[in-house]
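Input: a single structure, listed below in structure tokens.
Letters A, B, C, D and E name the chains as they come in the text, with residue numbers starting at 1 for each one.
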Amino acid sequence: MTGIARLFTARRGVGRLHWTDWVSYAFLAVAVVLMFGPVLWLVLSSFKTPAALLEFPPTLAPVAQKEVRVEGYPQPLPLFSVPMEDGTVRQLAQVRRVGIIAQMVDPASPAATVRVPVDKRTPVREVAFAFENYIEPLAKFDFLRFLGNSLFVTVVATLITLVINSMAAYALSVYEFKGKSLAMLGVIGTLMIPITIILVPVYLVVTEMGLVNSLWAVILPGAATPTGVFLLRQYMLTIPRDLIEAARMDKASEWRIYARIVMPLSLPALAVLAIFSIMWRWNDFLWPLAVLTKSEVHTLQIALNAFQGELQTQWHYLLAMTVVTLAPVAIVFAFLQRFITTGIANTGMK
Amino acid sequence: MTSPAPSAAPVRARFAPFERLGLALVRLFDPPMRAVQRLVGVGRMPYVFLLPNALFFGVFVFLPIGINIVFSVTGGTALFPSQRPYVGGQQYAYLLDCGSYLEPATCREDHFWRGVANTLKFTIFQMIAMVLFSLAAALVLNRPIRGRGFFRAVFFFPVLLSPVVVALIWKWILQRDGLLNAVLTTAGGEKILFFVDPGWAMFWSVFVSVWAHMGFYTLILLAGLQAIPRDIYEAAEMDGTRPWRTLVRITLPLLWPNLLVVLVLVLIRSVQVFDEVFVLTGGGPGTATMMIVQYIYTTAFANQVQNFGLAAAASVLLGLVLFGLTLLQLYFTRRKAA
Amino acid sequence: MAGLELRAIRKDYGPVAVLKGVDLSIADGEFVVFVGPSGCGKSTLLRVIAGLETVTGGAVTIDGQDVTRVPASDRGLAMVFQSYALYPHMSVYDNMAFALENMGVAKPEIDARVRRAAAMLRLTDYLARKPGALSGGQRQRVAIGRAIVRDPKIFLFDEPLSNLDAELRVATRKELAALHAEIGGTMIYVTHDQVEAMTLADRIVVLNGGRIEQVGRPLDLYNEPANLFVAGFIGSPRMNLLPAGVDAVGALTLAGRALAGVTPGAQLAGEAVTLGVRPEHVGLCAAPEADATVAVDLVEQLGGETFLYASGQADLKLTIRLDGQVGVGRGDILPVRFDRARLHVFDAAGRARPLGLAPRSPA
Amino acid sequence: MAGLELRAIRKDYGPVAVLKGVDLSIADGEFVVFVGPSGCGKSTLLRVIAGLETVTGGAVTIDGQDVTRVPASDRGLAMVFQSYALYPHMSVYDNMAFALENMGVAKPEIDARVRRAAAMLRLTDYLARKPGALSGGQRQRVAIGRAIVRDPKIFLFDEPLSNLDAELRVATRKELAALHAEIGGTMIYVTHDQVEAMTLADRIVVLNGGRIEQVGRPLDLYNEPANLFVAGFIGSPRMNLLPAGVDAVGALTLAGRALAGVTPGAQLAGEAVTLGVRPEHVGLCAAPEADATVAVDLVEQLGGETFLYASGQADLKLTIRLDGQVGVGRGDILPVRFDRARLHVFDAAGRARPLGLAPRSPA
Amino acid sequence: QTTLRMMWYSDGNEGEVMADLLKRFEDKNKDIKVVLDNAPFKAITETLPVQLASGQGPDIARITDMGGLAPFLLDLRPHLKDAATFEKNYGPFLEWMRVPGNTTAIPGYMTQLTVTGPFVNKTLFEQAGVPMPGPKATWEEWAKALKTVADKVKAPFPLALDRSGHRFFGLAVSQGAKVVDAKGEPAVVDEGFKRAAQLIVDWHKSGVMSKELWGSVSGAAYRGANEEFKNAQVVMYVSGSWQIAQFDKTVGDAFDWVAVPTPCGPANCSGMPGGAGLVGIKATKNPAEVARLLEWLASDEVVSEFYSRTLFVPGNLSVAKKGVAYPSAKPQAAAALKVFGEAVAAIDPAAYKIQGWTNSRIVFNAAISRIGQAVSGETTLDEAYKRIESDVAQQIAERAKKQ
């Protein structure tokens, strides 16, 4: 018990490593495997051929059966290793399989055919990245256009979100005014409404505004996020009041106080909101699917999910495209991650 | 109180061009905003700042909520409220028609109640697991270990994955011929069909949710831990406190405000859970992991008869529950402030 | 001319009256210091002047113009905050330039003004730095610089030195005095530090419970406190305030014995009064001349001076300040005598009463 | 008996040596104060004694037992932190009881001890409150209370008063002195406040750059600083340190003129030395007797005393302390004379040199 | 120039083939431009109905719930050059696309006809040394044989049947299920239906089927066994014709797989027909152009190229009669396609009727959802029957509510 407690409380890192240090490093090592492993697995899997994807037991690295060209046969033949009766193991190419017997030839001397029971042979495999999982779908559709649409939606929506949310948060954190509690209640109340359950009414509103099949139909509805207002407000509450009063003494207009003092000081929180907004927008699927039917306005997420049919899901493409959509999020994360702690810490609802 | 500037400072250099653009924008908007300020006076400026957000909110959140309420008292499959026949409380009555509220099977709309029960179960398990794991992670990350930033990122990055991707990844790992079963069989064990056993299905739903979101809560708790002054620990040490007592008597009580925040957020999020679990388990086996939001979604979209009325009624009920939770949270934060 | 006129200023926070009618005139170029116990309303009064708080009643006039309803940003005053409130994301230069930009001053003019102020405050080398990279004293100077560049009608300071350590405080205090001598603006300064008040002020305003107790030049307050509150508040260690009486003939009695030569006058006859005597005006003497005999409770030897804390009959508690190092120990019995010329007598209502002694003059 | 013995204590943080070999013996019941400039290692030394830092070299002995490797929780010392480090979620009672609970003391015994300490510190009425609902002075007393209930071998204080305002500080200082007189434990006290050091200490330890400069009774340090550093550090305002020389016959010269009657001796002949004279030992005099003539730059009238900041030829800067209120203004030219009996001379290495004058005694 | 928008989903390569054909059409008809909007299937089932209900949507769409969307479909007949041929080629399927009572409308054509049917891992049979049941064998005979094989070769799935209403009713029809009575009213839970449901539950109990398909997801969610079949863990996989292309690619020659005729029940040996139709949408502004395009695409020559390149079972009667060549298929796939082509002939009229009934999907979903619960042990079959009937009744009633 004490040992475990020490694990969580000991604060001195000097000197020898206490066994609790080892335990916490073990904990972290497990965490790294558990947290990164699945994603790594996804990335590796995305390079597998459809056949390899379905294989059990799965291999870690993407592998494919080796094929050889053998004189006299127009198609490349799959290569197997076969234990011979004399105890040696030879690599043979399979010509055809009939029932449980395979007809095989030695690639070196293609004249003689060998008959081998199928369960005796094991495929010779080599690591092979199925880049075609990426190349084919990307070539098949207008990738750049969809990317462009997604980027436009993500960037514009994030900018709008940042601006209007921060303005509202500014009003709710810096001023005292009539109706403030009501506004806060509205924000916190809607914080908890999952968008899924008002999808249809929002669709109606958007249709009535004539926005269907316009990227604005995707951008506008989610722009005023209660989460964003809440997060920014909590952060802005930590900005010393003195600064705002100092700015007033410095003859700054309220707009300037917002734009020149409060906004720059809220950068960590803005960065957090930006990360979340980018993530929401980039990954958004259900809503764009409802309002965007024309392929020229399709976002990447819709386009990529076109690999999910009624009866078949083309997993090799789907996984590859999932990796493609992960990349930008990863980049944004790498860029902004150091804000996350400060941002969230200070919005830690103190 | 220190201002948050130090962390903001290094960024400015990198964003210098953006900053110049920003300054230009500020200058552009300055004259009109000044005019507005002269017009309405300083005291009314907050309304001006609230206006854009409020407009968006009104049109895309409050109005739809209103329409939803209209949906819930009408029937049929027509989309436009004006074309839908008024049915009064029929949808609600249908949902609430139960032999015993503790036994979903006795309800007319048993799926709704199964959803409620499953959501409740999920929420409880997930709250416990989430708090335990994020607390453990936060406590470990709070130790003076090398590479803290890296490990923080390790825990946080799944937060950035979309729920669908998260579920896909894990489904891929947990399926019959997935990675985990491969590991189990190589270790000499039997394959386990995780999605056939209701217990396992619920377990993995909770596990995957915790996996995906614990980073966020870990950071909130970590912030709380780091806000506990070091000298309190030193005082405890001078007072001859054993580590376990330090954890129980010092750390946890001082972390309580942050723990409360985590509890409330986890609660709200788990009540709303949908895509993650849906993609992972499909709500099965049977209806063992079908959540309330999945019920609403299926009723409104996935069935051939898109029953907006019933779905809306269910969502209004859910909304009322969530609103209750909101008030609870407000109550707690108020009390904390006091 | 930038005079300031406060008329019957009142400020309530809900049911709590914080300022209960404050009248004050401040002349152009004057350095006025507000002192008073914590919570007495010093900051509130300063913020009322600044325009950061609206008043509940009364009027603020600057240069003869009523500005009571004018918002802070339009009053043309500059304020140095206790926390300095420097914009942490802006360089020193930008901090100083911000107000000028807000006023729409032209770029070259801004530059000239900022550089002039920076030179005056020896900040030129730090113009490009962020406040986070400055020492406490430098930050303090930036805060002042931000005020100076605007050339404001009036400077307001709210405990600007209280965040500095003792040594820096002394140094910055001297700089402030020099600055005032140089630019000569009207300055209103809040502090709770005796020494700052005594050394910086042209006039000190003593506030208590939302009212002004006394206004006057530092040494006047020190030498002739108008009432018990001011007497106790000004001076450190504080004045000894001893319960005393006036006998039938108008002579002062301390612990029942008449204090020779002190006659507050017959009009106080029979009343309980308070005798005030500063620690430095209590001297050791030969036993026969003693006004009181006290036992030493605690000796504080500071090297250059010595404080004795002593007590006598009838709950008499005395603080005595002696020059240099004194060979006195705990428990010693000392006869002491009060400097007749430096005594103060306060009536039951706390008002100072004349003693009819020879006028004082600086030593 | 709870004596403490530090032997050759060294502490490095990575490449930075913070303590460079400290030797010190502290007797049972002694009140020792550590002073020194910021960053000199005072806190580090205290924390080494407490066991909160491991040493790089040397040994700590308490009561003759080597505790160098004993963790803080087992050393049986008590520490009062600058920030008090009260447990904010526990009541005053629980704060004080916590350590006793840790030690497994029986409930009734805990109760008795806490109540006794609370009574001594006048905290009985606040036992149920949380620290957040206490004033600074009360918190300070709780922090002390938490230490005394444990009846520790040694009390450690790290700048315990620095968070209090001036008035409370004076009051609490007196209480601390009384407390030590009452319970008589060994106390080690870190401060940067002159007055605290002078008034509280049995012995003062002056630290500088991780080394001990001088150890001694307060007035001994004040009167006979062993070196330039101690001379400059002890006393406020600080001692005037004037560049001087010694002529061929061993007499002191200031700005080229011999200072009558001061003869550091022939062994310093021709060397550059530093003349030290405290502000209170500079007096005004008639022109013919003057050691120097200076012009007044700034006058600070504090009522009970007056500080003159003045400068003379050859960059001579003098601080002069005069009693009472003085009719001197800026720019006045004053002849001054140093009190011969109170002069200090330091050689080029900064060591104090005897002047061969009559021995001093307290006035 | 008019632009037509075609909303399209793909299971395999049909999107590319269609794009190809459209290019050819555009070359011939310079006044029409066709934009192919590839969408996930989810868009077709979940958001297209909402769009159509609000008056939005494409000009042409590839849909599967033809009965449900019938009210939104365009009648091409007035714009067709040769409506008679169209009707002749697609006759039986056109009924699926019409609102009840209408017998004349021509909303579109079938891009694909699907037939449910079994695939067998012949190699496993060979390894087990068990003979395969013949063409007219019953479900029960198959089940027994499969179990024997599976036990011998340690395959975890003797029989896998897609978790899908469509596949379930393949079984049910053979047991005599009718679903809808002569008046067009629902009569879901009849003897045939019960027999089929009982079989499913029994098979799960006896280990012929694994709970992984039917017992692992909720509601009407689809669950297939492609991976398992590919890994030779399934002896017989009852799915449908659309799998052929996929198996051709992923199984390769890991084992021999064959399609066999649907096993027989007491009523018949029928599978369920199904498929996707390419239809015009009523709200289009260019009905004539829509008709022109669809007529061209539906013409024998074009459509047989389409079937041939996508390895689809033809949904055009005259093309089917002529037979489609599948030059890109390997021998195993070609053989399987042949089996399925023949299976079309065995389809019972009841099966056509169910598929064409407006409310069929309501029934499909209810059946799957409730039987799934029974399989996982959450309810009993009797309880499930009751629930199915009330689910169906409630939804049909909701659909009937009009203002």
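Here is the rule we use: contacts are C-beta pairs under 8 Å (C-beta built on N, C-alpha and C of every residue); 3 or more make two chains touch, one makes a residue touch a chain.
The model shown is predicted, which means the values in this text are computed figures rather than measured ones.
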Interchain contact steps from subunit C to subunit E (minimum; 1 if touching): 2
Find out how few touching-chain steps suffice to connect subunit B with subunit D. 1
Specify the chain with the shortest distance from its C-alpha centroid to the centroid of every protein C-alpha atom present. B
I want to compare two interfaces, B-E and A-E. Which one has more contacting C-beta pairs? B-E
Rounded to the nearest whole Å, what is the centre-to-centre distance of subunit A and subunit B, using the mean of the C-alpha atoms as each centre? 18
Rounded to the nearest Å, the gap between Cα centres of subunit D and subunit E is 93
Subunit B and subunit C have mean C-alpha positions lying a whole-number Å distance apart equal to 55
Chain centre separation (subunit A, subunit D; CA means) in Å: 61
Subunit B: positions in contact with at least two other chains: 3-5, 8, 12, 42, 79-80, 176-177, 242, 245, 301
Check each residue of subunit A and list the ones that touch at least two other chains. 54-56, 200, 204, 240, 243, 253, 256, 260, 264-265, 267
Residue set of subunit D touching subunit B in the complex reads 50, 52, 71-74, 77-79, 81, 83, 85-89, 98-99, 102-103, 146, 150
In the complex of these two chains, what residues of subunit A are touching subunit E? 50-51, 54-56, 94, 96-97, 99-100, 118, 140-141, 200, 203-204, 207, 212-213, 289-290, 293-296, 298, 302-303, 305-312, 314
Mind listing the subunit E positions that touch subunit A in their complex? 5, 7, 9-12, 15-16, 35-44, 46-47, 50-51, 54-58, 64, 114, 123, 126-127, 224, 226-227, 230-231, 240, 242-243, 246, 249-253, 256, 276
Any idea which subunit B residues touch subunit A in the complex? 1, 3-5, 7-8, 11-12, 22, 25-26, 29-30, 33-34, 37, 42-47, 49-50, 52-57, 59-68, 71, 79-81, 136-137, 139-140, 143-145, 149, 151-158, 160-162, 164-165, 168-170, 172-173, 176-179, 181-182, 185-186, 211, 216, 219-220, 222-224, 226, 230, 233, 242-248, 251, 257-258, 261, 268, 271-272, 274, 293, 296-297, 300-301, 308, 311-312, 315, 318-319, 322-323, 325-326, 329-330, 333
Residue ranges of subunit B touching subunit E (in the complex, touch as defined): 75-80, 83-85, 87, 94, 105, 108, 110-111, 175-177, 193, 195-196, 198, 201, 281-290, 294, 298, 301-307, 309-310
